[in-house]
Amino acid sequence: MWWTRRRSTDPLTRDLEAAIGADSVEGGASARLLYSRDGSIIRGGKAGVVCLPGSTEQVAACVRIARAHGRAFVPRGAGTGLTGGAVPCDDPVVIATTRMDRILEVDVDRRIAWVEPGVVNLDLTSHLAGTGLHFAPDPSSQQACSIGGNVANNSGGPHCLLYGVTSVHVTAVEVVLPDGEVVVLGEEEGDAVGYDLRGAFVGGEGTLGIATRIAVRLTPDPPEVRTLLLDFTTIEEAAETVSAVIAAGIVPAALELMDQQVVQAVEPFADAGYPLDAAAVLIVELDGLPAGAAREAESVAAVARECGARTVRIAEDEEERARIWKGRKGAFGAIANIKPSYYLHDTVIPRTRLAEVVTGVNAIAERHGLIVMNVFHAGDGNLHPLLVFDHREPGVMDHVFAAGEEIVRLSLEVGGVLSGEHGIGLEKRRFMPLLFSPEDLAAQRALRDAFDPDGVANPHKVLPSGASCGDVQDLPEIPEGVWV
Amino acid sequence: MTGSSSPRTGGVLDLRDDALASCVACGLCLPHCPTYRVTGDERRSPRGRIALMRAVDEGATAPDAEWLEAMDTCILCRGCETACPSAVPFGELMSDTRAAVTRTRQVPLRLRVGLAVLVRPRLLRGLSRILALLQRLHLLPGRLPLPGRLPMRDPRQKGRVGGEVVLFTGCVMDAWQPEVHAAVEEVLEACGATVSRSGDAAGCCGALHAHAGLEGAARSLAERVMAAIPEQVPVLVDSAGCGATLRGYGSLVGTPEAAAFSARVQDVHEWLAADIDRMPAATVGKRSTVIVQDPCHLRHAQGCHGSVRTVLAPYADTVELDDEGLCCGAGGAFSVLQPELASEVRLRKTASIRRAMATTGAEAVVSANPGCAIHLAAAGHVVRHPLEVVAERIRGKQGGAHGR
Amino acid sequence: MRGIEDFRDEVGPTGPVCVRGGGTRWELGGTPAHGSREVRAPAGVVAFDPAEMTVVVGAGTPLGELVEVLAGHGQEVALEGPAGATVGGVLAVGRSSLRRLRVGAVRDALLQADCVGADGSLFKAGGPTVKNVTGYDLCRLLVGSLGTLGLIGQVILRTWPSPERTLWMQGSGTPEAVRNLCYRPSSVLWDGRRVSVCLEGYGEDVEAEAAALGSHLGLEVVATAPTLPPHRSRWTGRLAEGSLLEVGTGVVHGPVEEPAPEPGPGVAALAARIRSGFDPGGRLNPGRDPYRIAA
């Protein structure tokens, strides 16, 4: 390649270079600094040497060499994760799959594609243009995140309300196990023979091995899409509408809520015509065959009016629809312009309790003197309370962390869970015992140990352990902001 | 230093504090960065480069060879700025970083020689004629970043003075692609405008000097350009790279006069698109299909790439590329300084062009920037300036293509 | 009503146990080893909130009973089994519904499972919400595990609105031709010549697609789903006489019993580690093995 290098004197680096080429092994200070972080606010990670393999065989070689040198390894995709899942602890070998970015095969008839893990989520859908098919999981980072990362985190997105999260769309996966062995888990179509090891692997956050080839199910584009914008004078009415829509037997393709502060922040650049005086707006998308989509749109409109919706707007054309979504998808960029720092949480609660929990979250923020903004996947109860602040104010961080923990506890109190799509990583492992008993955690440990008996794959993540992750604090010193 | 007067870090690079702090490391820029796309390496990404700037600025890391390589491999296409939800001024950060670097590091000799030639129009034309001769004699390697057929004759045309608009003619483009200026002038005149040329008095815009971090040189070139164009008329530019630079004089020079000058600068397509009705109807030739390549300095730096389509619409059918405006790898002197990386980046662009050709049958690419045109032509594509295509349809004679 | 704690006490900490549901597929994957104590999971719908679209139900509940409760509110689950099958049994076997293309795989229906582990203590997999990535996905691992990793006592399932209209059609044609005419049919079965299609959804939509299938392919409406041949195997690319392919699910229903495919050595070793990790003494459903099921 284009840069020349000296031969490394470090035996681990030398072995890695011999196996996958010097151009694919980086041990310099700059590389180690950058690969010590991901998209999260967590700092203090410490990468050993960084590998950028180009094939399954090279990934397996990296894993085996790391082990031979008594080192752990940390898999990494695009590094857009929000819970520190790719933050390395204690000098491990970082194995980034970004160079494995080929779409290997698209079978339009059987609606299956084989991709390498470094393929960017949105690139697959772009590649499918004209086939009438798309890849359904659409996390808000979809323009940057990789499908390998989606597999590791079992990623969601607005449209997984109807279509299901990543696990539903991954049918088989080739994995380099933590001992360097290569296996294929799952089947291209249908249920697994034997244990659903594919299902267990997806969402493993890189602690069960490294996905090197992935078979994904492709979803037909809906013939009809109706996008509704509903606005409310209280956030409670909006939340009640969410429950009422589900209770009416309608599962929209997407059902998103934005509160007033978010609406006011995004309207100037989205030009979507969001009512600025509304306490909350809902974006409801209904798709499918024409008659059903039309009837569901009518039902949603009626339910919303009954719940107190002030106006119900149906996007007239694709351009109007795009503008409505532009505001939702750009929400976090706009927020970054209000305050320099923000900290985003991700919990799920029963969707019948949205109103009371959102009220509770707002009260928590107020008590701590923080601004909270709500923009989230309301349809499946997936909250994303966003604490907005200026980290330069003295003492504000204590309030941010305290409020964050209170939000987590409130979510659990009403029967919720710790994460809907961002995962546990380093960020939330200390909360795991709040949701799971020691026996529950032992069962999860049994799964992990079966995949990784020696604990070399992405250690310190997901499950709480006595050990700390090198210099990483449980929570970071200076959050620099995150997005969803 | 560029940028507004908000507080600076006071660190090793002395960057603007707010600019540096505005990156939240979300990574949305990654796929929009051409060098990250082809390397998959965080050090070749905007997010990575900003983190590295911060580390050096704070003194946490030394600006060693690895670090410098990370900065040198940035094409400065600013595709990341368009993608960034937090509006991080990446171009400003990178320019300031390079300026800080050149205060302690010599600019490579071949670049210094090249830049010295650019600001001497007569020398540039003389050398160009020698190159043209060598080219005719097939004594030049085929893959040099040069137009397919350099002009032999002195391409200068006596510029009118007192025109309603000034056409900025620059350096390399004036010497190597005079037919583009001629076509642009023809189109402008067909629209009823009288055109003056900036000519040798204005000379080079200083884009490459600024890219290289030679801030002082860039600033004095800016002064020269502004002094040479005192008229209070629109300054039209047919090279996206020069246009972006001229528009940045306000912040580069930092005076109200410079800001006023920058405000008068328009890309020629933007000016034409603003009053499309005055453009004459196509009278000759056949309506062709052309693939539109957006120069980064039009799309990301000036945000007026839509105008190219507006202006072409009456004369040709346009085809879009499917790579969301990813840089072609030309990047001013980038293709000379980082030839291998530039070629890798170009591979993605040429693959996209081939897909567009295969599905639409289009054969020519249009690009509103000479650097992109030369870089793509060197890969075997037929590349033309959009206004050459327009000029041909209103006069009916073949304009020169840069391809082979 | 017997609760989950009673089930735990019944299982106890020692001795081989096998859990019995409806006994409808008792020999699948091997019969329980001799001397195993038979236990039964608690039965009954514990809680159903239609507005939440989740239901809490004892694993020993007959599936028919659950279906009836849900139907009262216009909802359904992705579980399907022979008459008399229990909720836990259907989950343990892990075979998806014939209408899988609409309702989803059975493995995607299980949100939370309260299980008795090999040491006799209760453990919980998953959580009560419809979306959840908190920790490892043990639920999907439990589905289809034949009770070898834990004995499912009580579960929370995701429910869906029932279709307004269901229509089966049949006639000569190919799956490709059907796919070109229908958006998302609930089921497409093919015997190499004839195709059966299940259309579900809103009445007008179903009728419009049925009309298209009728006029373009000559398919005719039939009263029920076709009768399936008794044995299942995995689709290998060819269809034997008398077999029916479930298009898009990789399952072939055939007249002859086919052997289960051998897992590769790496997968077999991993599966063995998982089983021994959850059940070191081999006391949970000894004699049964999910890898002995052909499909």
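The letters A, B and C name the chains in turn, as written, and every chain counts its residues from 1.
Here, contacts are C-beta pairs under 8 Å (C-beta built on N, C-alpha and C of every residue); 3 or more make two chains touch, one makes a residue touch a chain.
Predicted model only: the values in this text are computed from it and were never measured.
Q: Could you draw the chains as nodes, link the ones that touch, and say if you get a line, ring, star, complete or other?
A: Shape of the chain contacts: a line, open at both ends.
Q: Per the definition at the top, count C-beta pairs in contact and tell me whether A-C or A-B has more.
A: Between A-C and A-B, the larger count of C-beta pairs in contact belongs to A-C.
Q: Give, as an integer number of Å, the spacing between the C-alpha centres of chain C and chain B.
A: 60
Q: Using mean CA coordinates as chain centres, what's the chain A-chain C distance in Å?
A: 28
Q: Let me have the rounded angstrom distance from the C-alpha centre of chain A over to the C-alpha centre of chain B, please.
A: 37
Q: Mark out which residues of chain B touch at least two other chains, giving numbers and ranges.
A: Nothing qualifies.
Q: For the complex, which residues does chain A have touching chain B?
A: 1-3, 26, 28-31, 33-35, 37, 39, 52, 78-80, 96, 98-99, 101, 118, 120, 122-123, 126, 129, 141, 143-145, 330, 332-334, 336-337, 340, 342, 480-483
Q: Which residues of chain C touch chain A once you look at their complex with the stated criterion?
A: 49-54, 74-75, 94-96, 104-108, 115, 117, 121-125, 127-141, 143-145, 149-150, 160-161, 176, 183-184, 201-205, 208-209, 234-235, 246, 248-251, 260-261, 263-264, 266-267, 270-271, 273-274, 277-278, 290-291, 293-295
Q: Write out the stretch or stretches of chain B touching chain A in their complex.
A: It is residues 21-31, 39-43, 48, 51-52, 55, 61-62, 64, 66-67, 69-70, 83-87, 322, 338-341, 344 of chain B that touch chain A.
Q: Taking the complex as given, what residues does chain A use to touch chain C?
A: Chain A residues touching chain C: 109-111, 153-154, 156, 160, 164-165, 167-168, 177, 181-185, 187-197, 199-200, 202-204, 220, 222-223, 243-244, 246-247, 249-251, 288-292, 295, 348-352, 377, 380-382, 415-424, 428, 432, 435-437, 439-444, 446-451, 453, 462-463.
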